[in-house]
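Scrolling down, you'll hit the structures one after another.
One chain, subunit A, links the two complexes that follow: it is found with subunit B in the first and with subunit C in the second.
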Partner chain A sequence: MSNPGNTIVLWILLPMVLSIATSFLRRWKKIYHGLSMMIPLLLAVLAVVFSQNLTLNFAGRHIVLSDSMAVFDRTLQITANQLGMVSFLYFLCFAWNLLDPISKESQWFGSLSLSITALWVTVQFLNPFLYAAVVIELITLLSIPLLSPRGSPAKSGIIRYLSAQTLALPLILLSGWMVSGIETSPSAEALVLRGTLLLMLGFVLWLGIFPLHSWLPMLTEESPPWTSSFLLTIMQLSLSFFLLKVLNQYGWLRNLPELVLSLKWIGALCIFSAGVIAAFQTNLKRLPAYFFLAETGYILLSVAFRGIGGLEILRMTLLPRVFGYWVLGFSVSTLQQALDDNTLDFDSLRGLFWRFPLTSVLLFSSLLNLIGAPLFAVFPARRVLWNLLPVDVLPLSILVAIGVLGMLILFLRLFSTLVHPKQEDSQELTETPKKEGPVLIAAVAFILLAMIVFGIFPDLLDDPFRQLWASFQNLLP
Partner chain B sequence: MTDILYTLALYLALLSSLLILIRRQWTLNLITLTVQFLCLFPVLRSFLPLQVAIIQPLTGLMVTLILYLSLINVGGIKRIDLMLRLTSGEVFRALAGILLLSLLLAFIPQLQPTVFPAVPGSYLFLCLGLIVLGILQIGTTREPFYLAIGILTFLCGFQLLYNRLDFSLMLEALLVAVNLMLAMMGSFFVIKHAEEEAS
Partner chain C sequence: MLTYVIFGVLLLGAVLILITHSYKPNTARSWVIAIVSASIAWVASFVLRLYLPADIPLMTWHAESSFADPLALAIDYINWPFLVAILSMAVAVLLTDTTRMEAGITPYSWLRVLTITALNLISILAANPLTMAISWMLIDLVDILSLLQLSSASQLGSKITSAFGIRLLSTFMLVFATANTWRIDPVQVGYAQIANASIYFLMAAGLRLGVLPLNLPFLDSPELRRGSGILFRLMPAASALVLIAQMQDEFLHFDKTFSTVVQVLTLIAAFYSAVMWMTRESSFEARPYWVVALSAFAVQSALNGHPGASRVWGLGLLLSGSLLFLFDPPIRRIMFLPLIGLIGFTGLPYTLAASGWQGLLPEWINFTWVIMVLTHAFLVIGYLRFLFRSESTVTGLEKYARITFPLGLVILIQTILVLNLAGWPGVLTTGSLPGSGISLFIVLVALVLGWKFGFDKASTKLPQTIPFYRLLSLMISSLRQFLSLAWVSTAFRKLFIALSSLGAFFNQIIEGDGGVLWSLVFIVILSIIFLSLGGRS
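Moving on to the complex of A and B:
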């Protein structure tokens, strides 16, 4: 038996070291991209392999990993049943690095995305867990060169994003200090209220929840779409894991009756505001932000319904949602490159379907998937969640319905814009569709097929993640 | 003697922070930022052992050095012109800063015993003063360099406060990393801005 290391070294320290090492290989693009893709894939696979009991029998050797490490006066711990989460995060990093060479947005993406993923893994497993707020600030700072690459000026979106993430840090840390003695305190009501408010405000700033969401569309509009889609996706996913961790750890918070109702209202308001604002948008690059906001709403609703299967719904939507963001980010990035236009206003997109039919189909299908249209991957879980709503409070259902309607209007407007060319270009465009190459045809066919197959057989995506919530014992029924 | 030094450092740190908020001259801002960080030492030394109390001021000096080197590279270090007339924006920021500090001074006697009973009033004034001046800086600038300085001031105040509430070496290490990353971000923006101007 050998004990060569532990989970912290393997899934946090090693990726950071490798990230620095790979950054020196940027000149050799193929090697750099190959490594940026293979390292997260390998880490994701290893996390699955070790997820039983941190042991592996390989070539006659029995390898056992230890699960914790002391850093200064605190500990970091990743146990076997938490490796599903680790695997998910590295798989996400792999998925974005897979298509990064096509997007050509930032030469730093490969190495920085690996560091950022390692830091998000740290966020999940740091003890005391609220110190993770500082790690999130580090992630924000690390993502700045990706969001505002050299050659493009730093605009208001980046500044607001940085300010919001920074303001969240003290709120979360102070809430941790404030509620430290809450379980034993005889008159804890005031502390509970203060602690809850600080924590919730921290999450609102982090996730860009309505009404403090203004940085989201500004950021996606100003930043390269492929990079921002990665950063927002991994942030949303990791923060939802982190929210579950907070609820799992804090019994006083979990059992607050007002919390469930607040989460429902905040969730519904996010979906409503995202739908209503998105319906009037005229810029393609701002759209991912509104889908992100709406999805945050659905995540909060799922958490609020945890007593009646909400966590299963959340688990079922994880991969389809990531898949939706991935396709959306890729199609927007491809269109931006093809048009050589940083703004992507609807006016400049007129008749685009006839020049880039496959990319347009990809864009349409990603939007339909995220809206939750039947036959697409997100639909099965979304249908269950929608069905839970009327049982509860009617105004919530109305807000969600208006939000979904807004998204559908947006889809129809975009469809009409892409299909109808400007009068003067119409004949030329319809007669000469631009060739998009066999690789793209195969990729689009595969992605569409995957979206529909996962929509019809949702268990295919859900099965590998059955144990994802194993570490949140207090939240499970 | 220690008390005098403590009080002097406390007010000098706040004055430096106020100067950073008001005057937007890179050289002057770097000097005042250095003073602000140096003044933290006597304040921190009043309740922390020497080897721990020195961490935050030392990090601050490293941060200032990183920013200074980037400014030198882009030719941003110029003679300080103290005779330059105050602009309306500067007058506004000065008044807003003084107003916020006065409000803090008025409310701290009520706030301190109810929310932060373990933190002495003057110390709390310094922490919250740096926090509000930092927020004011963040809210009144669109220039990333000043945003970085604003965040540094804000985090400096918060780090001071949290050190008193619940000191942890790990948190201190993480915040040092954040400060250094912030300095690098500030440098990145300074260099980026210079490149854009040149092209």
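Moving on to the complex of A and C:
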């Protein structure tokens, strides 16, 4: 007996409804956090379960899901081979909600993160794609209450973030209209160039690509670290999926020779600029932004190298990258709470290692992980990408190498700051008892172990997502 | 199988010490566990000689993709001597630690000895650069965390950051070096195909060893002065030396001018370090120079196209070096033991280092030849100088230490002798008779002069005995300051501060009120560039 069901209802509408419902349970914190954690986990697991052919035999019942739905004359379609992506996004939401009770940043995080995830899922599967720009604008608006808590005025970084995302909207809409013109006359070279230009500028604004990245460090500096790490991570990965979707859909775009070259240069420039600017930073809260910028560069490089296995590398890096952001967000958030200091200037962090040794080690490890140091989770896939660079253009390798060097300088400056207290504090710090509770110690030990285990056995993170690009047949070699 | 036994025994010993000592502290029991573990591993390492060469595949990353990356260990005639040397050093440290119990040595120090030895063995046996890079990182992290744990905030010097930074840089250099070879050898099962990127590998090793550019290993912490501290400082050099020794003979595929520059820098590092080694007050103060001088020998051998010859200088660094440094307290009655250790690097015919001359000396006598022989002679003179200062007696030692302490030194000596006889095929060679002969002659002359002028006891008599001492002293001091490269770090710091101001200004522009306008300008510029690219095509 088959049960009528729909992938859109299950992974978009239902989470939205549940998000609204759970928001009324905020007063009962344990229930609220439990639900915020369990709902995305369940949705992620269900996406894996149905990923074969949208059917499930359960307790003698044969459940079959249909894969599309029309909303306001637009089509939303999630097929079986696209459920890997859905599962990935909900897993990401689960991961951040898992440690949200420790971060204690926003009481709205649980419910809003679920809505935001559902909307990012919508972005991936909405046709025609240009309407996704509107959904992304909606996500931006929804994220404002998380970034700027009630009662505090919106700061310049948040306003700039909102402006960048809003500026991208007309560019993408315009490109969408041009695209329809190109499809009817593909030989119109000028139209192709303009369409590509608008589309790329839209992505540049969305992702905060150099030199339009200024909102990134401002945003991370002004907003709670755990929340901003979630919003930026899900945005970066969803937009990567979305970029692949666009490339997969439009042959004229993916076959444009200038596009590959531009992606390579923009990617290398992002890594270079992130490293060089980060090397001079003096505020811990700004650092995630530069890592985010560098990772955007690596994603663009992977897409540019799609002819020689770049998408495979992109897939390999997905979970390690998420894990890296997760750990970095957690360590910065933990330090902010421990110090009860919203600024986290390097000066205020002097000698912190002696008071919070494990949290400091976690912070060091998370930075080394994202830089791509051997032994850590990001390294195995990052190394493959580095290996591809000399095959191509030498200046690209040099830009990337300088970017990595800049990140290493930043790491060493932070290391020096944390282990060297101010002269007058050094004796006192040695005698100060360590201020880390057993729960935190256990969490940190577990995360560190995981980071190294994933660094030595990278296939553990890669195996579950081998079919992730199944729906991008035109991009696969 | 035997390799796994070695790792297993060492790590099992460490775990046993951790558990038993946490549960019921007993120093003697912990020491016995440590010495038994290390000894079993040490004996097993000699048995391994019968099975050379052997490959030990561990795992393959991304096996199902087109980017398969194997992780593996391998034992051959190049790294086996280093394996034996490292294990001998561990046993020797544990045995000689019996004289240092009052110096804050605890069972946790022995736990660290076993762990660090096991980790260093991974990097020594690494079959390819990928495995080596991972093991380097692991060693560096354990090293830095141990150091932070052993030190207190007030004790920690600023050099810890630069030392850790240089180690990190060497690891990343190794990773980037492998990226350069990927096109030729995508699978990278070994070091066989790395000739075209040898300079990067050499720089990675050189950075780690403190030779390229000259940087002295970090030795400030008091915990690193004795016993296991010696192990922690010397062992990381071993894997870098293995990397150099693994390079191909037809080595110099890069720019000849660049290679000459590197060669000159290495030569300066070797000579300067040998002079410093010879003239320092204590062996502790001189220790970093020993590491740099002999490492420079190894790098020079590789640059001369004989990377295999670097092996003996590396073994000299480890075995003869630890023999001298572990001779603490320096008991006069057993001074002959470290003296025998000189066999490890005198380079006389049919001794261990005889084959090293091939890599060190050019075919014809020239400036480099003279400097190298002088440098070698200075190292021997310095070694003898520190040895002749032995003044302690056995009376201060516990009864058991009277046996274990010399036994630790004997372990190192017998390892030198075994390697001398059966280290690898062709180990017994005459080497360079003029090189070793002249070096020996210089040493003998120095000994005679030293005996006559009384140099052997204390350098306080130097001003009276050397003509133009003040002028010489001023010159040496200036040269020392220049070669210490402290001015480079000062210059970098100033440059960094200047660039920081520039960066802050740039940030202010981008993030200030006019930032949005700047963004618009950038959009226009990007658009023009993109359109012009499109127009050209």
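Rule of thumb we're sticking to: the second predicted complex is superposed on the first by the 469 of 477 C-alpha atoms of A that agree within 3 Å, B and C clash if a C-alpha of one lies under 4 Å from a C-alpha of the other, contacts with A are read in each partner's own complex, and residues count from 1 in each chain.
Convention: a contact is a pair of C-beta atoms (placed from the backbone, for glycine too) under 8 Å apart; a residue touches a chain by one contact, two chains touch by 3 or more.
All figures in this text were calculated on a predicted structure; none of them were measured in a lab.
Look at A:Ala373: by the touch rule set out above, it reaches subunit C but stays clear of subunit B.
Legend: residue contacts after superposition of the two complexes on their common chain; A:Leu460 is shown touching neither subunit B nor subunit C.
Of the two partner chains placed by superposition, only subunit C is touched by A:Ile313; subunit B is not.
By the touch criterion stated above, A:Ser262 is placed in contact with subunit C alone, subunit B being left untouched. Within the superposed three-chain model, A:Leu449 lies out of touch with both subunit B and subunit C [touch as defined at top]. Within the superposed three-chain model, A:Asn387 lies in touch with subunit C and out of touch with subunit B [touch as defined at top]. By the document's definition of touching, both partners, subunit B and subunit C, reach A:Ser163. Within the superposed three-chain model, A:Pro145 lies in touch with subunit B and out of touch with subunit C [touch as defined at top]. Ranked by how many residues of subunit A each touches, subunit B and subunit C are led by C.
Shared contact residues of subunit A with subunit B and subunit C: 156, 163.
Contact residues on subunit A toward subunit B in their complex (touch as defined above): 71-74, 131, 134-135, 137-138, 141-142, 144-145, 148, 150-151, 153-154, 156, 158-159, 162-163, 166-167, 169-170, 173-174, 177, 180.
Those residues of subunit C whose C-beta lies close enough to touch subunit A in the complex are 59, 61-67, 69, 130, 133-134, 136-138, 141, 145, 148, 152-154, 156, 158, 160-161, 164-165, 168-169, 171-172, 175-176, 178-180, 182-183, 186, 499-500, 503-504, 506-507, 510-511, 515-516, 518-519, 522-523, 526-527, 530-531, 533-534, 537. Within the complex, the subunit A residues that touch subunit C are 156, 160, 163-164, 189, 193, 196-197, 200-201, 204, 211-212, 214, 217-218, 257-258, 261-262, 277, 279-280, 309, 312-313, 316, 351, 353-354, 357, 361, 373-375, 380, 383-384, 386-391, 397, 401, 404-405, 408, 411-412, 415-416, 419-421, 425-427, 429-430, 455-459, 462, 466. The part of subunit B that touches subunit A in the complex is made up of residues 131, 135, 138-139, 142, 144, 147, 151, 154-155, 158, 162, 165-166, 168-171, 173-175, 177-178, 181-182, 184-185, 188-189, 192-193, 195-196.
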